[in-house]
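Structures incoming, each one as structure tokens.
In the two complexes below, subunit A is the common chain; its partner is subunit B in one and subunit C in the other.
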Partner chain A sequence: MPATTFRIFRYQPDSSETESYHQDFQLEHGEKTTLLDAILRIQNEQDGTVAVRYSCRSAICGSCACKANGKTVLACMMQVEHVKTDSGQEIVQVDPIGNFTPIKDLVVDMTPFWDKFKAVKPFLIPDGPAPEKERLVPKAAMEKIAKESKCILCAACYSECNSLAADPEFVGPAAFAWGYRFAADERDGQRKNRAKLYSGEHGVWDCTRCMFCNERCPKGVDPRDAIEKLGSIAFQEKVTSDKGARHAKAFLISLRTGGKLNEILIAPYTDPIGAPFNAPLALRMAQKGKLPKSPLTHRVKDRDQVKKLIKNVKETI
Partner chain B sequence: MPRQFAYYPGCVAEFSSKELNATTKALAPLLDIELLPMPQATCCGAGDVAQAKPNLYLTLNVRILSEAESMGVDILTICNVCTLNLRRANKMVKEDSRVLEAVNEELVKAGARPYQGTIEVTHLLWFLATEEGLSLLEARGPRGLNGLKVAPYYGCQLLRPSSVMGFEDPDRPQSLERLITALGGEVSDYEGKTRCCGFPIILAREEVALKESHVALAGARDAGAQVMVTPCPLCHLAMDAYQRKTEQLMGEEYAMPVLHLPQLIGLALGLPTKTMEFKRHLVPVDEVLSIVGA
Partner chain C sequence: MRTHDVVVVGAGLAGMRAAIAAHEAGVDVALVTKLHPVRSHSGAAQGGINAALGNETEDSTDNHTFDTVKGADYIGDQDAIEILCQRAPLEIYQLEHWGAVFSRQEDSGKIAQRPFGGAGFPRTCYAADLTGLVILHTLYTVCVKYDIPTYEEWFVTDLVTDDDGHAVGVVAYDMIHGTIETIGAKAVVMATGGAGRVYRPSTNAHASTGDAMGMALRKGVPLKDMEFMQFHPTTLAANGVLVTEGARGEGGYLLNKDGDRFMTKYAPNKLELASRDVVSRAEATEIMEGRGIDGCVMLDLRHLGRDRIMERLPQIRELAIAFAGTDPIVEPIPIRPGAHYHMGGVHVDNWGAAPHMPGLFAAGECSCVSVHGANRLGGNSLLEAVVFGARAGEASAAYVQEHSAAPKVPSNAAADTQARIENLLSRDKGIRQFEIRDELAGVMQEKVGVYRSGPVLGEAKRTVTELRERFQSVVVDDKGKTFNTDLIHTLETGFLLDLADCMVTGAIARTESRGAHSRTDFTERDDENWMKHTLSYLDDGEVRLDYSEVAMTKYEPQVRSY
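Coming up: the complex of A and B.
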């Protein structure tokens, strides 16, 4: 029977020890014991004050996300032995999910998460009066939002989101996965309004594409892909005034006019107001030869093909 | 007979960061690689086109793959973002023949060659961090890095999502470490090496982006690194060109020279410093050159 040292994050602000620390617990456990079962056994057998949030134990409720040796997991979905093999470490350190404030041990304050979730209006808002019977939706239409519908709101994607770490107001991956789930639902009547709602400051264009959300999601939701698709909906709905959308437009203009990136265009087009304030950096970059001397576009061979593709290819989200 | 690749340097290495392109081209013959130009290849869209027009992103990237296929060789990149975009498109069409068919229909309509799905896309780092690559380096008898303390900086998109990239464990990557050690350098390890540089949003959300690059710059500095090395020219711009702005925003000093991966290899293999165009860096690399005796 394997034995493991669990190094558990402790934070008990109501006790005499108000600073956080890590406490080691030794436990003999089965080969297939999950991390959640191990924590619950420690709670039951060794220290009843260890606080952890959990409910279903079956990777459905999304309550028990935590960090195991630095990597965000659902504690009920990960076996202790797997954590050890995966991390190459014999000790299993358990921490609360990142980008949230701990309340007690592994339990964090989820209020900002729920506030952001609510802010994306995660429910159907159909246009017009309700029909007499149910609204029938073709299977293909539901397949478009099938991945995002699997989100269990465990916040594993927020835990290591690099944009969120730098900007706590960023709406974030799970909320946008839900946003897409409704924006792309053909029963919903708020596609354009949703595009506007999601495109502002701290919105879809804040995503830095670190891809941690896709990597960590235990349900295969791929929240970054949903954010990407929300960008596409914004383009289709002509909601493109955000600097992030303008940045994307600069790429499209570059492709149409030459095929490769036009570095002269990209900064002033993205941020016509802010770009002049970046003149000192632009000057230093120019002195080092990092800015092109000629404003001419970089032209690829057979660029008529590229122009035709830009004209012909239709978006289907 | 050198190993041939369809060479896709990407827009940043071709224009803003020419030093990366120049060094890679100079290094290639030393590594027994022949880099074949791709005159039709467009920009990969850098994730921006994918976020605006995903079908167009896919079609343009498959057009790039198809050009390599017509040359009969795999693609070699030197940019994380290009690698992800090309590999992702490749995966999408290889996994679903209906998607490939739809894309090919558009390509043919536009007069471009349809793609058959026979090409792989690899990054220079991945090629060199294999036994084959490391033995190529060894065969060159590297002059070495003289114990230079190097902070490996991977960035994001060469590691994640691992379902698309898949070369190594995205949480415990070792390819840069293997190269640094093989070249006689000393690895300065730190937690921020797999975090984001912020570059994709640096023009639209500068403050958020700079706070992101701070994590890696501060981590490398605190680990005692004398230089940072990166396989991505976008990360390089964030870490090198924007470093002073990050210092101003965060009220900290990093003084961290940043090398492109081929420059680190070039230093170890004795490429002339002039060829590697260090004068184009915004953070001076003089101390690094003096440590390795270049």
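Coming up: the complex of A and C.
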């Protein structure tokens, strides 16, 4: 029977120890014991003050996300032995999810997460009255939002989000996955308004594309893909005045005209007002040889190929 | 003190549907839940929700009614079942209008329907194998849209009554802020879900501890048909996690160790899609007679093919891989019967109103209307939750409009609870709650399981009584105010013990076999003596039984075979 040291993050607001610390617990457990079962056994057999959120223990209620050796997982879905093999470490350190403030041990204050969820207007706003029976929706149209409908709001993505680490006001991957779920629902009548709501400061264009949300989502929702699809919807709805959208558009124009990126033109197009203020930086970059010598960059020869590629990509969205 | 017109305890399907209905009726309603609404166990329901939409084949609400009456082994109230089945299509359309992402038919774009156990026609609407999650989310989004006040992570400890014995609110422990508060109300709707955690293994969440039943029972409200616990035929051996009936609805086989489709013996017509009690008994018999593999039989989905499994049963594949190390595309899943759904609950009428306590309503699994009788059909629990959730919400709003005077909430309600909890926390030595819970769940599984008999039930009763005594000296490890889960589990364990006692006592008395209650010493259904509902009361800590009539409309009891 394997034995493991669990190094659990402790924060006990009611005790005399008001700082957080880590505490080690030893536990013998089965080959297939899940991380949640191990924590609950520690809670039962060793220390009843250990606090953790949990309920279904079948990876559907979304309560028990936490960090195991630095990586956000659903504790009920992850076997202790797998944590050890994945991380190459014998000790299993358990921490609360990131980008949140702890309330007690592994329990964090989820308020910002729920507030942002509510901010994306996560409900259907149809045009016109409902029919007597169900609305008729092509199977494929429903399947288009099937992946995002699987989001269990566990906040594993939020925990790992680098944009949030830099900007706590960033709306975050899960809320945007829900935003896409409604924006792309053909029964919803607010596509353009949603595109506006999800753009702007702290919006979809502020995602750093680090892909950690896709990587860590335990349900295969791929929130980054949803954010990208929201970007496309913004373009389709001509919601393109946002800096982020202009930046994306500058990429496209640059590719179309020269077949490759023209970095010198991208900055002024993205932010015509702000870019001149960056001139000193550009100058320093030029001095260090970090900029192309001429704004008229070399054009690729077979630009038709590039155009074909752009067309293909557009058709897949 | 906080007050609302209506307080709904529990924010799963029944609770949120009730709150939405009350809100739409124009009263001030609030939700109180010990979890966050989207964490509720309704979200774990997989396979679907029944309604005679007739999208796949001709169907009718009469067919649905008959299948449900028969599935209930004739002890469901037929007037209530008619209400359930007639309102079913309307509730499905309503959920669709609110945005539920139901799976669709290929050509017509209508809601797709799959075959389910005990049903004569493909009647089960679904969203892949995530139906509960999709509906739970849909209702939550409506609550967000309506901005219904929600007390999240408030554990309700007590139902509060006034001097006349009317329900006038609840006392709850605010887990985040560590305070104990009274929430006054003109009406209380209980919707806290089932008590599956009386058993181990169980498909139920850790939070499914039947709190509403426990609270109502202590206030003199009887519980109905507590002896009927459904064992789901397909649960994972490792931890009791559910494998949807939809797996068999899509065409999955059950095989014994010889590779035989043993259901040909037990239900030659409906085979794997007989009702759940029949299939669970068949499995238990195969295993007992030595034709199982390590205490399991096999659920074989391989012939469905990768595409169908990935489209219709993606979660099942994910869970089987995570918890059983088995990919159903390439090998059969070892499964066995496990406690799943409790047919019994707070005794309420067809509007969800408790006849023994004005102002109290209940809906969903914690209630017993009764529409499921002795055995619930798959796909009828989500349906019951939304139909009777909506009706309880409407009825509670109507009640409030008739009784508009401010509720006379006893001023000492929260203080009483506070004193009781402080007393509990002051104890330094004793037994921890988990030891009692573990032993209770073990004895219920072993002695009050798929097959029961008088002498063994008697042993279970003695153990439960002894555990209730030992619980008097329970000790709580965590003395803190914030997020004290040890305290909550202790209070839940108190409820579980009372409920287990009602289950065992009811089972001992019912000397017949009906639906999920199968006695090896009384193997036949006995309509002459037992066509009645059991009512359990708690008198000075002792369970007392009484009985009430079953409502019959047009379906005469028949021999039940599948």
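Keep in mind that, in the parts below, the second predicted complex is superposed on the first by the 302 of 317 C-alpha atoms of A that agree within 3 Å, B and C clash if a C-alpha of one lies under 4 Å from a C-alpha of the other, contacts with A are read in each partner's own complex, and residues count from 1 in each chain.
Here, a residue touches a chain if its C-beta (ideal position, glycine included) is under 8 Å from a C-beta of that chain, and two chains touch if they have at least 3 such contacts.
Keep in mind that this is a model prediction, so the values were computed, not measured.
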item: Subunit A as common anchor, with subunit B and subunit C clashing or fitting; value: fit
item: First, second, both or neither for A:Asp127, with subunit B first and subunit C second; value: neither
item: Which superposed partner A:Ser63 touches (first subunit B, second subunit C, both, neither); value: second
item: Partner chain in contact with A:Asp167 - subunit B first, subunit C second, else both or neither; value: first
item: Contacts of A:Ala267 with subunit B and subunit C, given as first, second, both or neither; value: first
item: First (subunit B), second (subunit C), both or neither touched by A:Glu31; value: neither
item: First (subunit B), second (subunit C), both or neither touched by A:Glu228; value: first
item: Greater residue coverage of subunit A in the superposed arrangement, subunit B or subunit C; value: B
item: Partner chain(s) touched by A:Met285 [first = subunit B, second = subunit C, both, neither]; value: first
item: Touched partner set for A:Glu19, first subunit B, second subunit C, both or neither; value: neither
item: Minimum C-alpha separation between subunit B and subunit C after superposing on chain A, in Å; value: 13
item: Overlap of the subunit B and subunit C footprints on subunit A, listed as residue numbers; value: none
item: Footprint of subunit A on subunit C - complex, ascending; value: 35-36, 38-41, 43-44, 53, 89, 92-93, 96-99, 101-106, 108-112, 127-128, 130, 133-134, 137, 141-142, 144-145, 176, 178, 205-207, 238-239, 241-242, 315, 318-319, 322-323, 325, 432, 434, 476-486
item: List of subunit B residues in touch with subunit A within their complex; value: 11-12, 14-18, 39-43, 45-56, 59-60, 63, 106-107, 109-112, 156-157, 159-163, 170-172, 195-196, 198, 200-201, 203-209, 211-212, 215, 237, 241-242, 244-245, 279-282
item: Subunit A residues within the subunit B interface of the complex; value: 70-71, 87-88, 162-163, 165-167, 170, 204-212, 214-215, 222, 224, 227-229, 231-232, 235, 242-252, 254-255, 259-261, 263, 266-267, 270-271, 274, 278, 281, 284-285, 288-292, 298, 300-306, 308-310, 312-317
item: In the complex with subunit C, residue positions of subunit A that touch it; value: 12-15, 32, 43-44, 47-49, 51-63, 77, 103-104, 107, 109-110, 114, 118, 122-124, 126, 130, 132-139, 141-142, 145-146, 149-150, 152-153, 181-182, 185, 187-188
